[in-house]
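Heads up, the thing below is written out as structure tokens.
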Amino acid sequence: MLEFFNSTQTIHTIIIIGSMCLFFIGFYGIATQKNLVKVLVSFDIMESALFLFFIGLHYQVGLVAPIVDSNLKTFTNMVDPVPQAMILTTIVIGLAVLALGLSFGIEYYKLTGRNDISKMNELRD
Amino acid sequence: MIGLLILFTFLAIITVALGAILSKDITQSVMLFMGVGLGSVVLFFIFQAPDVALTEAVIGTGLSTAVFLLGIMHTSQEEMES
Amino acid sequence: MNSIFLLLNLLPILFLYQFEGALHVSLPLTNEFTLSLIQTPLGSFFAYLSLISFLLVTIAQKSKKLSFSYYALQFLLSLAMLAIVLAGDFITFFIGWEIMTWSSYFIISKSNNMNIKSLQKYILFSLASAFSLIAGIVIAYSFANSFDFVAISNSFESMPFNIKVALIVLFSLSFFTKAGVIGLHYWVVDTYSKAPDLFSSILSAVMSKMGIYGLFLIYGNIIGYHELKIMFGTMLNGTDFGYVLAWIGVATSIIATFKAITQDEVKKLLAYSSIAQLGYIVAVIGFGTSYGVAGAMYHTLIHTIIKLLLFINVAAIVAQTGKNKFSELGGLIYRTPVSFVMLLIGIIGLAGMPPLGGFASKFMMYNAAIDTKFALILIGMLFSGAASFLYCYKLVYGIYLGHPTSKSLESTKEVSIHYLIPQIILALLLVLTGAFPGAFIKVINPILKEFSLSTIGYDGLGVMQSAVGNFNGFFIISAFVVIFLLILLLIWRIKSKAKNNLNRFDISYCGEVPTADTSLHYGYGFGTELYRIKFVNAILKRSSSHFYESLATQTKKTSELFSRMYYGNIHNTMIIILLFFSALFFLGVN
Amino acid sequence: MNLKKVLPLKHILLSILSSALLLSVLGLLMQVKTNLYKNVGDIFLNLNMQTATANAVTSVVTFFRGIDTVGEVTVLFLATSGIALMLSDTQRTCEKVVKQESFILNVGSRLLLSVIVLFGVYIIIHGHLSPGGGFQGGVVIATAFLLLFLANPNMSLSHSILTLGESLSGVAYVLVALIGLFKMNILLGNFLPHPIGEIGELVSGGIIPVIYILVGIKVGSEMSVIVEYFSKEDYYKEVCDA
Amino acid sequence: MSLGYYFLLPVIFSFLTPYFKKLGSFTLRGSTILLMLILFLQTLAYTGVTLPQISEFSLKPPLGIAFILDGYSLLFLLIFTFSALIVSFYMVWFFKANKGRDEARFYVFFNMLIAGSIGMILSCDIFNLYIFFEITGICSYALSAYNKDKLGLESGIKYLIIGLIASIFIVFAIMLIYLQIGTVNLGLIAQRFGQIDPKISVLIVLMLFIGFGTKAELFPMNFWAPDIYQGSMASVNGLFSSVVAKAYLFVFFHLFYLFGLNSKYMLFVMVIGAITFLVSEFTALNQTNIKRLFAYSTLGQLGILFMALSTNSSATVSGALFHLTSHSISKLLIFLALGILIHKFKSAKIDILGNFKSGFLTIVLAIGFLSILGIPPFSGFVGKILILKGFALTQNYAAIAFILLVSIVEAVYFFRLTAMMLDKKRTKISVPIGFANYVVLSVLAVLIVLFGVYPSLLTHYTDLATNALLHPTNYLNYALGVGL
């Protein structure tokens, strides 16, 4: 039973199911939520789901982190470092966009007292 | 064993994420979102990605939650229902 | 300013000193396109028409203070028209066509009584015409792999039948719009009447002729009358195609003639008359016989001369009196006698009465109809020709005869000499074209050769041959002049005895005393009685404006429908994007 | 309770849609084999021996995919500028009111500050040896300042120093890239001698630790600015409301 | 010069902007103009060398990231750097006329917007491309919210949310690509894209389509675009229309042809483009806000470009690229001229076009309008006739009829605006223009006429670009490191 859970195949299945569930929770969130902060939260959940999906699928049982130390002297049997680097970049970018969005939201709230994106309708003909 | 750990962490994250989406209180939603970040940190560690885990812990969970909380302090706390 | 542009207008003659072959330029635009200018007899006929018209109108424009931009645009317009008629390929033709469209648009917009709606009407019809033209051009290109007239003409035979028909329809639609064939004439009247007065003469005399040139180019040069005969078969002595075209033209001329009679605005009458006269040309252009082509050509020339003359005359009167309606004018014969004589000559030509050129051209066209044995067409043409007497009469009566309808008219002076010089030249031309039809046949014969039709015989300058016998223009005009002089002498003898000191209110009015408001002028309401005739009433009541206005309304409604989608709420936009993704996902992946 | 209000029809339909999409995406992803080709990461792992950085992720981030990181730093910089544009309101009318400070919080946070900053610096400097690096360390330093702001609302940072740090480190980063161009004819070339010592030593890996230190300074100052703007915003609002 | 300067120089300038600001606004404006001039001159220098050119970062491709300049990107590079130079001159007037704006930060976003767009067209690595996508995105969000008024912030928020959706899809696609192919190098992806599971490849294509299509303003995903144009400044609109939208379009078709999707998805993209064209032109008829109106017009023109660029026939594509260039110049001209009017009247209703008195502005605006409508002798005509010719060669008469019919609808509103400008009955107020603007607008107008009467100047580059786009063998060799 436990061996079954420890196989790479099972872990990948769990990861795909779990992260896609998380992704579509976020998907549902951006489709239904109207508060700006909650929309941003939904986007972040979607992003997190993608990160888990991506990093998780590059993990295989028995591989170790791509860092050598006193015990480990060669770069063998390690997980792929490129996805990790890419995710690292994406996390930082995500934070930047999120903070910018929040600052827009704050200014907009100060001017109008609203943070409901479906009620932002002054731009129309 | 590690599979089970992953499974349960995922379950926890999904529950928390659902809570974050469905919660009417925005502060609560942000705090629950922090839970998603924490769960991700655990998973990243399991997936042998300590760099990402550290980044997610510091940025995804720490700073972005702080920014969110500071941000919603001066917008309304409740989701507006019309 | 005026003199400079007068000289500039003369410039192109340097390059067109011959009737054929003086000009052959080609100029690469990109790797694929080459602009080329070639002088053919057909092209130079129209080139001279436009050059002379512009020259005369520029002389008349000396009487007005016009801005530099006006003259510059007008010069550009004349160059564009030269480009059209001298083009050797469709790209040059189209470039000229479009520059003609927008430069005339900007000139028309300078008029004081222009409004946005009329401008829109003009430009949209012009662009529709241009787009239908370019559609035809690129379709032809897809078979010929070249924009050159010769190449397209050579490959035309090998195209599939439906493509040939599509090409003919597209090109014809484009040129019909410019010429103002009925149904596509919605823009003509509004534009001619609201454009600057002198510029209306260019619009009517030259620009509409570009449509006629296009028709000649397509039917005669590119497709060839011979090919048309093969495509659609023959009927009697003409082509099937020509018969259909003839009905379109006759219908145009009849309807427009009736509409012209009922107009109260002078320039609107002239505009409808212009449509009617172009209807004749369209009617005979498709016959595919020498007489048909010659008649169309002759009438093109005569119509240009007459319309220039009449529009300049009317422009002078409008400038002098400030009035442009028949009901406001009248009795100017003693105040502006020279103008009166010029207008008289003009309407004699317009009505197609002997002895002037108008008769010669109509004679040629009737001949063509007799030649092809299209009897019904001939009857239609004769009918509308007879009806056109009415509006010619209205024109001369409404402006010059009868009583002046207001005090201010009584003090009107003769118009400026700048208006009169071109009118006198044009009147002389009208006389000459009537007197020397043989000379004109000499000009037309190379064009007939270009269309590979048989040439028409002529005997000296004064006589031309026709299906029903020789036509001696010189003899007719001499006889008429003698008779006319005799009558004039007689009238002068009688009139010198009568005294002319009538007042505008010296009139018996059924026992009532007319007041200043009472309209005493005959021109007022002239033509309204036509509504009582059932057949004419049915024609007059119908108008294409309903169709175009409902089209505009439908477009507007569609636009409103679409813009409702964009009343953007970002939440809905997001949902739409996600739904679109889902739809494509389910369609594409599964 | 009105069911329609709690769960509108639109939400139900959207949740059904999301679930349907989830199931079909899952169905799709489950049957697909991954790793058809050898990943580029494995080649990088081999190359990493030459570069002599203990942390392969760091060498990928700063060197193999170095231009990504320049872009990333730029994104952060732009976000900071955007936030500053939005939240630095020069025309604020209400005056600055000195709020009461809590002595214990103040002293405690200052004590903690040094520890956290030290930790951040450690993370930055050991970026090429252990998990962590410029981004993580920089953010750690920023959170230290966040703590300071939370404890003491009157606190303010010296913008000129932050700007100096930000600009200089940024320009230095780009210059490092350009020096690579001049010395090795390739942008971001690793022009410093490497490997100097053993893998795992502090001075190893050529330009990699240099870049991470520069990134650390830049991210630290930028994040501090962001944190300051967000927390000061709160402060101003309270003052204006009062 | 290395291609890396296109990104690194603006980055240095942006980092140093706080110090330029301290030296005074003259230095700030001057440095931006200098930067854009350098970039433009460098691009001009590249027109004389053999293409493609490559400059690598850190490692040689396919392992490392490289900037590759081929004929296709050269054309866009010319457009972008030229537009940037023009706008940088224009902004001198703008900031003189509008005192007290946060000038330094505008220039930061402006520089990086250009750098990001250029990065998107040069990068040969899809993840790197995503980073530039985000840089461009963040700059555009900040620029559209730059006014900090209700409308500006609203457009900023809307743009940001749309950008988040687009980037989520693109990140997902990139992840799937890496999972399948094991690399993010465009050359390797192009080589191996046909061999992966067809279902996954459809999913990847779909996600990239949604991501870039949303940003490139394709029909069912462009409901946000007019709002953004309405909320932001006219000069920024000019940049959005002539640089940013074109950069996304570049990437869309670069990937489209590189991944060999042309045979399978040609009809789909064409239909989507046609619908975009139709809907936007009809919607534009009904607008009363001038910026919104031209936003719809931009969408419509993008629709034509999508129709024509997806055809896979070199004649049409070359025509479309010509049309694209001409559209960029014309729209830039129109938006900059409108900026002057909007500044004067403090309103963006279309009535302002009827109320100004300036022969110069009337002429340049009329030139812009006629060029977009495709009327000779302006550059738009050559583009349009080349597109129509291309469609004719493939016997696609339906497309010809469609383009011409919808163009009449387009003419309705363009000539309504022209008629308003020429209407003498309205009260006219004279508008101060400023010397810099005379120069800027004249240069643009002269270019429009020049490309119209002497198109060979441009067709050389569009032919190069077409060849590079449709037959990317050289590009692939460079991206794979084979040709080095």
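Side notes on the structure shown:
Letters A, B, C, D and E mark the chains in the order given here, with residues in each chain numbered from 1 onward.
Methods note: contacts are C-beta pairs under 8 Å (C-beta built on N, C-alpha and C of every residue); 3 or more make two chains touch, one makes a residue touch a chain.
Being a predicted model, the structure only gives us computed values, none of them experimental.
Steps from chain A to chain E, taking the shortest chain of touch contacts, total 1. Separation of chain A from chain C in touch steps, taking the shortest path, is 1. Closest to the middle of the protein, by Cα centroid, lies chain E. Chain pairs B-D and A-B differ in how many C-beta pairs are in contact, and the one with more is A-B.
Separating the CA-averaged centres of chain B and chain C is a span of 78 Å. If each chain is reduced to the centroid of its CA atoms, chain A and chain D end up 16 Å from each other. Per-chain CA centroids place chain C at a distance of 45 Å from chain E. In terms of their C-alpha centroids, the spacing between chain D and chain E amounts to 31 Å. Shown for chain C are the residues in touch with two or more other chains, namely 563, 566, 568, 570, 572, 574-575, 578, 585, 589.
Residues of chain B found to touch two or more other chains are 49-51, 55, 59, 63, 67, 71, 74. Each of the following residues of chain E touches two or more other chains: 127, 131, 134, 138, 141-142, 145, 148, 157-158, 161, 165, 178-179, 184, 199, 203, 226-227, 286-287.
Contact between chains, as defined at the top, is found for A-B, A-C, A-D, A-E, B-D, C-D, C-E, D-E. Of all the residues in chain D, the ones that touch chain E in their complex are 25, 28, 32-41, 43-44, 47, 63-68, 70-72, 74-75, 77-79, 81-82, 84-86, 163, 166-167, 170-171, 174, 177-178, 180-181, 186-190.
Residues 1-4, 6-7, 10-11, 13-14, 17-18, 20-21, 26, 29-30, 33, 36-37, 40, 43-44, 46-52, 55-56, 59-60, 63-64, 67-68, 71-72, 74-76, 79-80, 82 of chain B are the ones touching chain A in the complex. In the complex of the two chains, the chain D residues touching chain A come out as 10-11, 14-15, 17-19, 21-22, 25-26, 29-30, 34, 39-42, 44-46, 48-49, 54-57, 59-61, 64-65, 68-69, 72, 75-76, 78-79, 82-83, 86-87, 129-131, 135, 199-200, 226, 229-230, 233. Chain E meets chain C in the complex at residues 157-158, 161-162, 165, 169, 199, 202-203, 206, 209-210, 214, 220-221, 223-224, 226-227, 279, 282-287, 366, 370, 373, 375-377, 381-382, 385-386, 388-389, 391-393, 395, 397, 400-401, 404-405, 407-409, 411-412, 415-416, 418-420, 422-424, 454-456, 459, 463.
Within the complex formed with chain A, the residues of chain E that make contact are 127, 131, 134, 137-138, 141-142, 145, 148-151, 153-158, 160-161, 163-165, 167-168, 171-172, 174-175, 178-179, 184, 226-227, 230-231, 286-289, 292.
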